[in-house]
Every structure is written in C-alpha cells, then in structure tokens.
Amino acid sequence: MLLYAGSLNAQRVKGSETVLPITQMAAESFIKSHSGSDITVTGGGSGVGISSLLNGTTDIAQSSRRIKFEERKKIKFAGNNLREVEVAFDALAIVVHPSNKVSQLTREQLSGIFTGKIKNWKEVGGEDLKIIPYSRETSSGTYEFFKESILKNKNFMSGIMSMPANGAVIQSVSQTRGAIAYVGLAYLSNKVKAISVSYDSGKTFVKPSVKTAKDKSYPIVRPLYYYYLSKDEAKVKDFIDYLLSPAGQEIVKKTGYVAVY
Amino acid sequence: MNQKIKQKIAFFLFRLFSFFIVGILVSILGFIVINGIGVINWDFLTKSPTEGMTAGGIFPAIVGTFYLVIGSLIFAVPLGIMSAIYTTEYAGNGYIVRFIRLMTNNLASVPSIVFGLFGMALFVNNLGFGDSILAGSLTLGLLTLPLIIRTSEEALKAVPDSYRSGSMALGASKLQTIRKVVLPSALPNILTGVILSVGRVSGETAPILFTVAAYFLPNLPQSIFDQAMALPYHLYVLATSGTDLEASRPMAYGTALVLIIIVLVFNLAATFMRQRLNKKFKQN
Amino acid sequence: MAQKNILGKFAEKFAESLLTVSGALTTVAILFITIFLFKEGFGLFKTPAIEDGYGLYVNSENPVSQLRPLDVKNMYDEEITNWNAVDGMNQEIMVFRIDDVFDYYSDEDLGENYSLLPEKLSHIISDHKNIIAYVPKEFAPSAVQGVKEVKVLNNSLSDFFLGREWLPTATPSPLFGSLPLILGTLLVSLIAIVLALPLGLGVAVYLSELADERMRKFLKPVIELLAGIPSVVYGFFGLVVVAPLVQKAFNLPVGETAFTGGLILAIMALPTIISVAEDAISNTPRAMREASLALGATQWQTIHKVVIPYAGSGISAAAVLGIGRAVGETMAVLMITGNAAVIPSSIFEPVRTIPATIAAELGEAPSGGQHYQALFLLGCILFLISMMISVISDMISKKKTYKSV
C-alpha cells in the first residue's frame, strides 16, 4: 500500500469535461485488454488538465482547446517538451429550449447575445422573452473555444450563469424557456434544440451533426486534444495508440464525437 | 383573553415549525430513499461503474471513502487525543489553555473549502504529494481534528477526579495515571467522538476536490500516492457531468442513498452511544 | 532498579513533552493556514495585471504610458473606443492581438521560426498611431523608434475589493473584482438567516418549554440527522427538487437563484441555530420564570418578555454561528445558485458566492499565477470571516456566563 506511484503502467488523465466521456469509456475497454494497466480519469475542465500538466500532477491533459502560448512557454521553461495529439473532432452546438421558435442565428447575433448586448428573443426573430444565456466555468476548454471563435476574444457578459459541466448545461436549458447555451456535439439530446449557425453573416446556415462536422460545412468545429510531456512518452504511448486505433475511434463515434479518420 | 389568544397562536406556530422541520427531513430522506432504493443491489455495491457511468456500481467510490476515512483518523485521532490530554491534564486553567481552546474553536469554524485550498497548497503542491490519498487524508484529518479534540476533552473531563487522586495516592506517576486509569475510563466517550467524525468525513466534498478526487478509476487505488474515487465527489459528478445525465440519474440516487446510510448510521450510533454512556455515568 | 527508573523517567519526560507539543497543534495549524493564505493571496497586488509573458505596445507618439487593468479590458471588449477616454489623443482605438499579424503578412513573410516577426510587428505599430498591440514579450518589437511599451498597473486593493467584474481569464488583463462575489455570499447568507432564525427560535422554544419528554426524544435525533446530511446531498436535493419548484412557484425564468441557495442554506443552518438557542433558553434560571408567572403573566408572556431577553446573548450566538455555517458552505451553493458573477439586483437572480468560486476555479489556476493568488485572497476573506464569527460567538457566550445569577 505504501509503494510509490503504484504499478508501472499507471497513468493519470485529467482535464476537459468534453473529452471526459471518451477517455472514461476508452479507459474502461483498454483495461479489459491490457490488464496490469491503470488509468485514473478526472474532469474539471481543460484548464485543470493543462494546469496539472504544468504542475506535474497528471500524465495526460485532455483538452477541448488548443494550449495557449503562455502555457507552452511554461512547459518549455521547465525543461520539458510538449506533445500534442488530436484524438477526436467535436462540433460546438448552440442549443435552446425545445419550445423556442428561433432556429438559426449568425455569429454576430450569437456574439451579441452572449456579451449581453442582445437581451430579448424578439430582437432575433423570436417571441418577447428574456434571453437567458448559460456558459461554462472559466476552466472549460469549451468556454475558451467559444470565446475565441464566436466572441472573437471579447468577454462574456458579466453575470452570465456558469455551469460546471456540459451535462448540467443541458439540464438547465431543458428547464428554462428562454435559455441558450453551447455544448459539445456529444451532449445533444432531444431535451434541447440545436440551432443552425451562419459564419458568413447569414448567407448559409448549417445545423450541427457528425456529418457536417466531418465535412467541415459546420463552422464551429474543433479538434479535441491529448497533451503530454515527451519524457512520459513510454508511459502513455499504449493508451494513446489504443485511442487512435480503429477500436478506439469506434468509442469516439459511439460517444457522439467525430473520429479523426 | 387577548394574552391567552396570543399564546395559543404562538404555541401553535412553534408546534407547526417543529413539525415542519420533521417534514423537511422526511422529504429529503424520502426523496433519496424512494428514488435510490431500487438501484441498490449487490452488484451496485461491488462493481465498478460502466457504460459511461450509467450502469454498474460504485464500489471504487465506497472503497475510496473508506481509505480516506481511515487515513484521516490515523492523523487526527492520536494527535487529537494527545492534544486533549495536554489541555485537560497538564495545562491548568491559565491564559495558555484559554488561548489553545480559542484556536481549536477557530479551526473548527474554518469552512471546508478553505481546508481544501490549504491542503492543495501545502500537501499537493508544496510538499509534492500530488493528488493522492495521502494529501486527501491529511486535509480531512486537519478538518476533523477540532472535533476529535473537543469530544476527547469532554470525555477526559468527565472522568471523576477521584480516579486520578486515587491512582496518584497509590504512587503512580501522572503519566501512568493517565495511561492506566483516566484514558481507559474516557475511552468510550472518545470513541463516540471518533464515530461522529467518521460520519462527518465521509460526507465532505470540498476538501477532496483538489487533493484526491478522481472521476473514474478502473482499478482500486494501489498506494497512498494514488488518486481515489469517493462517494460525495461521485454524487457531485453524477449530478453534473457525463453525456447523459438522465441515464446517470439512477446511479446518482443510489450513491446518495449509500452516502446517507453511512453518514446516518454513524451519526445515530454516536448519539445512542452517548446517551447510554451518560445514563451509566448518572447511575454512578 | 535505578537504571530502570532513570530510563523510565526519561521516557516520561519525553512523553510529556510530546503531549505539550501536540497541545499546540491547532495553534500551529491556524498559524500555517494564515501564513499560506495571506502570503499567496497578497502576492496578487505585487504583479502587473497582464498575462504573464505578454506586453502591451503602442506607437511612441501615443501620450499614454500606463493603463489600469479595467481600462485594458474595456478597450479590448470595445466598450471604450476612443483614446481620449484614457487620457490619450482624440482618436479611435485600434485593437491588435498577435494573431492579427496574419492579416498583414503571410506565414512566409514572417520568416523561418517567425524570426522576422518582431520586425514586422514594429512596422505595424509604428505605422498606426492609434494602435495598441497585445503580443508575447518573446516577439516584442525591439526597442525601436516608433514603438513603446505601455505598463499595466498592478491590481490595487480597490481593484480587488471594489471591482465589479470578476473575469479571471480575460486577456490581456484579467479582472479580479470580488465585489459581486462578496455581495453574493452576503446575500445568500442573509436570506438563510432571515428564514432560519425565526424558524429555529420557534423550534428551540418548543423544545425547551413546550415539548414533553417523548417529543423531545423524537425531535433531537431528527435535528441531529438534519445536521449530518452532507452538503453535496443538500445540493443534489436542491438541484433536482427545490430549484424547479422555486422556478414554478415564483414564475421565474430560471430556478437557480440566490433565494434557492438561501433556502437550502437555511435548512443547513437550522440545526446549529436550534441547538445553541435551545441550550441558552433552557439555561434560564427557574427563579426568573417562576417570578414572572407569579406576577400573573402567561407562559407565552414569560417566554417572550423574560426568557428570550435573558437568553439574548445565547440566541445571538446561535444567529452568528448560523451565519458562519451559511457563509462557508460550498457544494450546495455551487450546485444551485447558478454561479453568475454579478452584483445581485434581486434575490430571484443567480449569484456567485466566494466558496463556490474557489471550488469552481481552483483546479485550473496555474500555481503561482494571478488567478491562483486571487483565489487565495478570496480564501483569506472567508478565513477572516470565519475567525470573526468564532471569536464573536465566543465573546457573546462569555458575556452570558457573567450575567448568570
């Protein structure tokens, strides 16, 4: 019980709540075929994963956003080399309450809504109802990605509600008539309604789906990453190879995301 | 007449309040028991979670909680009892003791998240233990230390002085008196405090968020430097994470029920033990 | 025999000094916690409020040479659009981030490993008098004519305690205005006390004055059970049952509000309030009660004119301790108040409390960075509040013992 660091193949994966289901299911099946290995999975958000990678408290950081320049520098400074692997693709879906009549929005409208400039659904073609935007916590890669891609790096409105994970967002949106939120593709369900998005000021609107994410016609597509340090390569190689293998990519698809090939 | 009516109203209200409190307890417990009881079976208690946390069991979380509780007791109980022995048997009644008691009370009122913050800074980062059962146990031990100290102090104080003077009169040293007479006599009450703290520690989430908790462990933790799952954290992630919250909901109810049962069993055990011991003392 | 005695005496002395040391344990713990929290927390005021490793650069003809973090954030959010708002010239602000360089040059133009990047950046900056560029120091336009660096001021005390926006991951300048968090915490605790105090007092009176032995034997475990339910279970209950109920009952757009949080916290604080108040009330000397009854007062008159004022300090201690319990609660609040960092304008809107903020954000704050320090500072606030509560309730109960007849 007092042995340091347990068995040889023990590895820790931490970070993104978006990638979490993939990692958890992959770990479940990886263990079945590779007894003797041990994979600890923790969520908390992409920021938690990368921060843990910097602190040395995780082997793999799962992230739904690209690592920041700053974070890369810190790793380099500590004398380590960073490795980045794309393990899946995700489309960021914009969801509203099923009863909401609005079915399409442009990037500009979304930006206005989430920065608090557009406050009522009637301003974007819906009914006279207050818009209730939901966001994720600042630790979320999904939060960062949305901020970069849709808000063009502007800040969310102060006073936006912050939910700890995608699941909680879906729960809240399904209960709130005026709600609007962003979630990873895999979290879509019939409890919420996904709307079509236009990135070209209204010329074309595309609905999010695995197909439109794969052929990149849906504008809000992002890779999901595993980050690790080169010195841990031997430790993590087997699991990452597994995730990139056809079996692993099946799990990606099964969870609702887009495979890398 | 006016006064009598006022009294009737007031007393009726208070009676109502009391039943209201009972009602609150019943609805919370009922909510969990009714929804959770169908989920609990042997598999649930002994298997790992599967199918993306929508099926299987919560065994690793139960084991993790068990490890954390034991770990926290290892740190808090010996140190807590020793501290209590110092303040009741050695320190007298001057400023020092009053100051120590004040500090113990202060520690007792520190919010659990601050313990988590401190635990992360000291045990995980500074001392380099990382996210581990060790860090989590130390943090939880610190959290429960004031409780152990307080109950041990009360237990020691309840031992009649006649025991002490009798022992000293027979030529025993102070330490021998404490070891062979006072401590055994106070032990049942001290045990009550330990049982109470088991109930407390099992349910704490905030201190373990950043010191030990993991979302999923396919195997059980192998060493004290591993992360662990734990029941309260498991309930939190089942209630907020995962792709299909609806499907995880039954597991959440089951986890809540197991957690409540553990906490309540220990709390009630401590309460009844205390009642019976007090009766015994009164008889003496 | 003598040898054994000396060894024995030595062991005894050793054991006794061990005991003495352990007596200081809680004091040492408090000391450590205080030092850790404050050292880390106050470090926030010593670091410039711009993301580590980055700098802000403007044209050298721009009169502005330093900016407050709030101004930087407003400029990049386009809330401020003219330089004269920050004492500059009357010109529209041109906001520039490192990625924008690709609007001017292609990848090849920037050379191998971006070696030409600093030079190109200097060109862009000296060409535009109204530009403000947020770029990594590594690619900083070298000390060139036409380019100067703008210093971002450190977070000041008023930035932290009076700032109204909590944006810990904003770039270029994160904002750590904790006012919404402090007010959110206070609002939720206030609601909890307003609901719990009358209820708790009523039950305390019932328990000590009106209930018979059987009721008391029944109610006491009930209250202990309520006290034992873990915070995360309360949070789960609140999330699944209470929040939708509140949403329906008050016809609100969303059920996660300060009120919902206050409601659950009230239930959690009740056991503390009830037991301390009941203790205080039942310790009222019989003599006072009997004197009042002898003068012809009803039981109720006796209670509210004699007993409760007498137990006043104990009841205040109960209230104070209840507030303390409410202020420090984390998991329940995290799950049901919506976590919106905004100064609350009504009790039916989401709020964000200090403990919930720490719990939600600590994982991702890189060790030693500004965000980390700000969270520790929040921890300091919580710690101080809980110390004050502990000391105040201690003082109040001491007053009581002196008052006893």
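What to note about this one:
A, B and C label the chains in the order they appear, each numbered from 1.
Assume a contact is a pair of C-beta atoms (placed from the backbone, for glycine too) under 8 Å apart; a residue touches a chain by one contact, two chains touch by 3 or more.
As the structure is a computational prediction, the values presented were derived from the model and not from experiment.
Most remote chain with respect to subunit C, judged by CA-atom centres, is A.
Nearest to the global CA centroid, when each chain is reduced to the mean of its CA atoms, is chain C.
Centre-to-centre separation of subunit B and subunit C, using mean CA positions: 24 Å. Between the Cα centres of subunit A and subunit B there is a gap of 36 Å. Taking each chain's centre as the average of its CA atoms, subunit A and subunit C sit 28 Å apart. Residues of subunit B in contact with two or more other chains: 125, 239-240. Within subunit C, the positions touching two or more other chains are listed as 363, 367.
The multi-chain contact residues of subunit A, meaning those touching 2 or more other chains, are 52, 55, 163-164. Listing the residues of subunit B that touch subunit C in their complex gives 3-4, 6-7, 10-11, 13-15, 17-18, 20-22, 24-25, 27-29, 31-32, 79, 82-83, 85-87, 90-91, 99-100, 102-114, 116-118, 120-122, 125, 142, 145-146, 149, 173-175, 199-200, 202-206, 209-210, 232-233, 235-236, 239-240, 252, 256, 259-260, 263-264, 267-268, 271.
The touching residues of subunit B, when paired with subunit A in their complex, are 50-53, 124-125, 130-131, 213-219, 221-227, 237, 239-246, 248.
Taken in their complex, subunit C has these residues touching subunit B: 12, 15-16, 18-20, 22-27, 29-30, 32-33, 36-37, 40, 199, 202-203, 205-207, 210-211, 215, 219, 221-226, 228-237, 239-241, 267, 270, 274, 298-301, 303-304, 324, 327-331, 335, 355, 358-359, 362-363, 367, 375-376, 379, 382-383, 386-387, 389-391, 394.
Per the touch definition, subunit A reaches subunit B in the complex via residues 1-7, 10, 12, 17, 20-21, 24-25, 27-28, 31, 38-43, 52, 55-57, 163-168, 170-171, 186-187, 189, 191, 255-256.
Across the interface of their complex, subunit A is touched by residues 51-54, 73, 76-78, 97-98, 136, 138, 164-171, 180, 244, 247, 253-256, 334, 338-342, 350, 352, 360-361, 363-367 of subunit C.
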